[in-house]
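Both complexes below contain chain A, partnered by chain B and then by chain C.
Presenting the complex of A and B:
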């Protein structure tokens, strides 16, 4: 039982805008959720269960996966969908709990910036990953790069 | 003489009365803890407890009446019909939104005090009375009336199947139990709330009505149906048993379809 009093009005009604993204946000959350179930459980199965299971995971395993465009695009889809799905969920929480308009802007701006930065960095890693960079210190390279 | 004849004779003599009707109805003492607030005196609401003698057939509303009529006349609450139809006496009883006139005391745990407070999310005016205006403003915004261009010579006919489509949402009595149990409505009070969407649903899915598109546009708003998080508080709170969350989901699907 709570004795809290909920103050009213808690915030002024914001002016109605011509375009409304809430519908598309709602649809995106459902669609990306369904796709993410397949992507994440497929990812977990291939990494942890199939073949030698969890014991097969090492640097070479990851390098081998990212040598194939199929896994590059699988991981890219997982990265983008999960980050947007998660940050949109955080946005709705901000809408619910942050009543101060300035605080709202700051929190939503921080969410937007961090999501973009993470997507850009993650995409760079997935598509530019090279396990055997030319000119690298041989002592730091994995054993399978010996051919160079 | 048989036993039955003996009893019959005794009853006829007035010596023994029939047992069932004479069994004493047992009263019990119930403690009610009510959240009081008098805006002219109190800065903050406070809890006050009352002991009342109740019978198993009594409702929470009877307990409130007993307190108001016999102990403290300043206790303020709304009630009109007192039979679950007018929707005036929705209140939070033991942490759940219910109608005081439909809640039997014996159905609550009377070994503990019964906590009663006003519904949440609407401005508290006095004791159990809140300002319902924000609630009715949302209700008016969805245009809860029949909109039809034609002027029929006789009544507008409707098939039983078409009537069945929105039967559930015709049951709403506007008590605000659903809207004031909704955590999204509690956050900033801008969300239309379950009751307004239920009453929009009642006309959106009525095949005699021509303004379904208008209402769907109104509810396809930042503060419209998309703020619903399907927590089912509204369905659980509804004293009329309306499947409120289901109605909201049907409106969401209609918004996506773009028509009824």
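Presenting the complex of A and C:
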């Protein structure tokens, strides 16, 4: 009655397949890196090189850019990809140099928390931005606010 | 073939003059991937520039978030980016970003293309050349904006 039937293959069950996160991290660094080159070089050209460069940047400049969904999504993609790319790179460095296990946990925890907080903050700023805030100094607002 | 691994040496009786010694490491290790030369220095520069860019990114998200607070708060902070010292800081930032970007492309090529794997040293100098060309285009523009009196 206690005869066991051993099914083929008669060997120990192989380790359960699980997602290889390090592999996907490796792929993400390369894929996001290529995209970030386009996004950041474009960002640097528009904000630092074109026109008056850094002198042109003020509230009205940002409001003018974010009036277009194109630049909102451009900056959103840059925010998310750069933060994850950067914090994952910092994670690699922490893993390499922080030998104390507690220190390593604290540093990687800080990286995770700061990444999540800044992605949430940045996303809210980009998509809840009001180019013509009530009470704002009219001289500092973009020119299209006067038409309202 | 004489076995000179540390393990076999440790198994010998200590203090014996006949113990074969582990040869002293060469003062300048050569021939490995990450010991000296272009391969190691590109790796070091990639880490240093990446870390610097990361910490700027954290600050830059926070200063940009001030647009949600008030126009005057954002303008007050962004005006500090227009000073000569910060103008030099932006130049250094762009230099770091451009090097990280081009060396990142080099890493991808070395990973996926056997020709690039064999010629990774030469490719580092291609990265340096592209960096010089890009900075030669950027720095005069940046200095004209920062030091040229335009406001």
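Keep in mind that, in the parts below, the second predicted complex is superposed on the first by the 106 of 148 C-alpha atoms of A that agree within 3 Å, B and C clash if a C-alpha of one lies under 4 Å from a C-alpha of the other, contacts with A are read in each partner's own complex, and residues count from 1 in each chain.
FYI, contacts are C-beta pairs under 8 Å (C-beta built on N, C-alpha and C of every residue); 3 or more make two chains touch, one makes a residue touch a chain.
Here the structure is a predicted model, which is why all the values come from computation and not from measurement.
In the superposition on chain A, contact of A:6 is made with chain B only, not with chain C. Legend: residue contacts after superposition of the two complexes on their common chain; A:20 is shown touching chain B, with no touch to chain C. When both complexes are overlaid on chain A, the residue A:48 reaches chain C alone and has no touch with chain B. Residue contacts after overlaying the shared chain place A:120 against neither chain B nor chain C. Counting residues of chain A touched by each partner, chain B versus chain C, the larger count belongs to C.
Of the two partner chains, neither chain B nor chain C is touched by A:103.
Within chain A, no residue touches chain B in one complex and chain C in the other.
By the touch rule above, chain A contacts chain B in their complex via residues 1-3, 5-6, 8-11, 13-14, 16-17, 20, 22-23, 25-27, 95-97, 99. Those residues of chain A that touch chain C in the shared complex are 30, 33-34, 36-37, 40-41, 44, 48-49, 52-55, 57-60, 62-63, 79, 82-83, 86-87, 89-90, 93, 114, 118, 121-122, 124-125, 128-129, 133, 136-137, 140-141. Put simply, chain C touches chain A in their complex at residues 47, 50-51, 53-54, 57-58, 61-62, 64-65, 67-68, 70-72, 74-75, 78, 81-82, 87, 90, 94, 97, 101, 104-105, 107-108, 111, 138, 141-142, 144-146, 150-151. If you check the complex, the residues on chain B that touch chain A are 35, 44-45, 47, 94-95, 115, 117, 120-124, 131, 134, 184, 186-190, 220-224, 226-227, 252, 255-256.
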